[in-house]
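In what follows, chain A forms one complex with chain B and a second complex with chain C.
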Partner chain A sequence: MNSFLTGPLVTAGLAAFLALIISVLDRIVNNYGEVTMDINAGKRNYKVRGGSPLLGTLAAEGIFVPSACGGRGSCGACKVKVLSDVGPHLPTETPYLTPDELKQNVRLSCQIKLKKDIEIELPEELFSVKKFKSKVASIKNVTHDIKEVLFKLENPDSIEFLAGQYVQIVVPPYGNFKESVQRAYSMSSRPGDNGQVELLVRLVPGGIATTWVHQFLKEGDSVELVGPFGDFHVRETPATMVCVAGGSGMAPFKSMLYHMHEEGAHPDKDIWYFFGARSGRDMFYLDELRALEKKMPRFHFVAALSEPSPEDNWTGDTGLITDVLERYIKEKIDASKGLEGYLCGSPGMINACTTVMTRNNIALEKIYYDKFA
Partner chain B sequence: MKNTQAERDALERMRPGHITAQGFLGDDHRSLPDIVEADSELFAQLGMDFDQVCDQLEHLRDAGQKGLGDPITIDGRWLVTTGDARGMLPCPWNDGLFHKNSILVQDQQSGRQLIFSDLSVHLLRAHHFCQGKGHAFRMEPELLKAVLY
Partner chain C sequence: MTPLINPAILFFASIFTSNILLSNFLGMCSFISISKDWKSSFGLGLAVTFVLTITAAVSWVVLHFVIAPLGLEYLSFIVFIIVIAAVVQILEMIIDRASPALYMSLGIFLPLITVNCAILGAILFMQIRNYNFIQSVLFAAGSGIGWWLAILLLAAIRERIDKNPVPAGLKGAGITLITIGFMAMAFIGFSGMIAVQ
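The block that comes next holds the complex of A and B.
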């Protein structure tokens, strides 16, 4: 053998030997055997192999706790209340937990490993969350930066959800991104169309998921979805709904409105829907919603442009949607049945609308929102 | 320049896959103190103050949020679009948690644009860290000068 090969071969051999030792040691040291997961005081029990993070172990049993970062501890979404001792909170968890959550031993399920039997509490609605395999049936541009994406569900082939809830798209590694992430989007499809899921995805500069959807995703691609999640839905009261959205915040309201129209759901409720955009190029679904307004007399659609261009020939309301909202609440909306606020958007938008609503006698506890936070 | 332990820990958390998929360093291979020192010198040369820059960025963000995600013209000069995602991001120095967002500022005067987040503003104000060269959210001092002043 040539002597120049000896060095690299010896190095490679040593590296392989060390890797083998590490692998064997890992199996011995991290072998926690079988452990029991007790969920909700004995309502569900699972015998699982110990050693893995709780988030992944739950997912392997078909229980999907919301997570946006793929278990890297960077989104703080996968909170679970742990009733048994799993050790002190880790430095990777504490930034995401409030003092009250720390006191109640709420943990990030991606950060704690199952080393012994564990007792946890989970909201009941998480048990109906599933992972769906789907195919992209269509992708349409509804504005210059918002795409309407329709996923045909394959396995399972249908989803049960409440209008207003959201799913998470599993974004595979692409380009320079080496790890899968999940991002949440409200469903814009009706619960009655349960063989498909429609999402509205706005391109966010630098956004991992939105860039993937806008620049890489194609019709026919296979995509995994996890859901449904969230408690944003129409309340069973006769109170008038005052809904506000902008951009892709349209999604849950589209679902709610078409569900209410086609199923005759919540027949006692009047609905006012305020949708804000900058100019004509940012406005969408205008004709559809005007048509729906004609078919459903209890529905009132108020679209407003904050900076209409001359070529928009806009004859509707103008100004910031919060100003338009305030004007309508003061002058046009009948509050005799009571008012409920429904909001979908950024924390800034939620705060601005909440301020206007509470100032106009809509109680804070009657304002429901899907806050992107 | 050598890193302190806190800087080494922060540097580790800035690598891709820890806090964000793309990390904070872009393709910059300098040490953390070197990046901070070089950018601080540039700030001084350009006559900029970290707090003043951050105040202006926060003003544009707050005013931009009134567009509810749509572009909105601020002070007749900047077109600002705010975008939000669910979730929070911790500072790599572990001294705060920030809403996951992005603010696009298009300066109609200079024709240039910059993107930042709540975390970017914190990194700038608290740590004088503009993020590594080549990173999408790097707050290039010269760009800040051109867009904000």
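The block that comes next holds the complex of A and C.
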């Protein structure tokens, strides 16, 4: 009896003792007192407690630098230009930074700890990024693996954004995932309809956020959204838009198209929208977009299936979306006002479409897409 | 019973004649993966030496004042692992605060060291060979320096290998393992000169 107990007790006691030393030491050693954060050369100034990573400290002050992984240093999104000296780049940062960024002392804000006064530069639009408390108003299946989720904003109760921008869903810990993560999704709702946010979420097998949305999220649940982010929006030029999407890449274009239709935005732009899917069960919003095409003479919708099955009774274009795109650019699209590319989808699709577009005289700097996919 | 070996000789022996890496083959994984680059090898070797010396001292105290009096030798593996993990954690915090420059060169290697078997190996040698405190600390420091020496030698050799044509099938791990084999054979030349038991 006695020896049964002493072993576990001594081990546990020793572990507890060491844990106690560590936590006491953590209090003493990691106490950096109050430090000053200076943003954009004196425009904003914060006095904060030191000792935590910059990303979290900024978030506590209501400044949300985009971050998809929640501060684990695995997405490389939370880049911030640091003007004061915070030591050389860490090996955990260098894989995510280009040589130019290394030279300008761009850092991953989740990896650098606030130990002394710091001066940083942030793009102005980040200050309009907010954290929204919302309730899930509805969840609809639009295909076998894509859900359309509508969030009703509660606090703040409206969002100002450009059609095409994205928000990040804060995924709370669930199941085997012990840490909260954030994932980016383009908004498919219109900027004019600013009391709610609609997202299209495709189930990615093994995906942390998509599994949560598809299997755990219910109507009425409270969810936090952070945004808006992103540089993907309709450009103020007369050039014709050539938009290509696949799967849930539909989202930003739905927002842009309905925005242009309802509010008459960018009236002189012609729009070609190519949407690719494998077979009929992956195709969605077909009737809505065809109806929109009838109401908007400047909008042309091309849906293509790469592997239509017999029961689809498909009469539209067939083939890979890149081949369909190339055929239309060569034969049907009027390029007299110039062309601009807008892409949303997997990195593979974006690369393939970029190749087709540049081959057909759309300049690389006129091809726009978000890189978070 | 404490062996009568002179601590100074033990220190020398653990560097050269019973090198923890090239005679006992402990700590191989980080040895192979980090030795690509001389600077990182230097940092990791320094960290191993540092952590090994300190954990050996702490473990000796725990062994002789907690484990042995209670007759819990069968738990020593678990206890040593806990001690190593805690000491590494504490060292990381202190270095981070006290010397950012040292943290930059050591910092990322410290968590790696928690699972470096050379550390646990040297501490277990200390236990089964019944070293006293002075012997333990010097043996651990010597083992660390020996490991450091070995990884620096390999890193230097690998930098030269990189500049030479290696048959395609042997590139990377293949030629490295062959090189380590030669190095170990060279170190066997020292073996038996000093008995460390």
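Quick note on the criterion: the second predicted complex is superposed on the first by the 347 of 373 C-alpha atoms of A that agree within 3 Å, B and C clash if a C-alpha of one lies under 4 Å from a C-alpha of the other, contacts with A are read in each partner's own complex, and residues count from 1 in each chain.
Quick note on the criterion: a residue touches a chain if its C-beta (ideal position, glycine included) is under 8 Å from a C-beta of that chain, and two chains touch if they have at least 3 such contacts.
Worth saying up front: this structure is predicted, and the values here are computed from it rather than measured.
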item	value
Chain B versus chain C as contact partner of A:Gly62, first or second or both or neither	neither
First, second, both or neither for A:Asp282, with chain B first and chain C second	first
Partner chain(s) touched by A:Ile21 [first = chain B, second = chain C, both, neither]	second
Partner chain in contact with A:Pro205 - chain B first, chain C second, else both or neither	first
Which superposed partner A:Pro91 touches (first chain B, second chain C, both, neither)	both
Chain B versus chain C as contact partner of A:Thr6, first or second or both or neither	second
Of chain B and chain C, the chain that contacts the larger number of chain A residues	B
Partner chain(s) touched by A:Gly338 [first = chain B, second = chain C, both, neither]	neither
Overlap of chain C and chain B interfaces on chain A (superposed complexes)	91
Residues of chain B defined as touching chain A within the complex	16-22, 62, 65-73, 81-90, 94, 96-97, 99-102, 104, 115, 136-137
Chain C partner contacts - residues on chain A that touch it in the complex	3, 6-7, 10-11, 14-15, 18-19, 21-22, 25-26, 29-30, 87-88, 90-92, 113, 115
Of all residues in chain C, those that touch chain A in their complex	62, 66-67, 70-72, 74-75, 78-79, 82-83, 86, 89-90, 93-94, 96-97, 100, 104, 107-108
Residue ranges of chain A touching chain B (in the complex, touch as defined)	68-69, 72, 74-77, 91, 95-96, 176-179, 181, 183-184, 202, 204-210, 245-249, 276-278, 282, 306-307, 320-322, 345-349, 352, 372-373
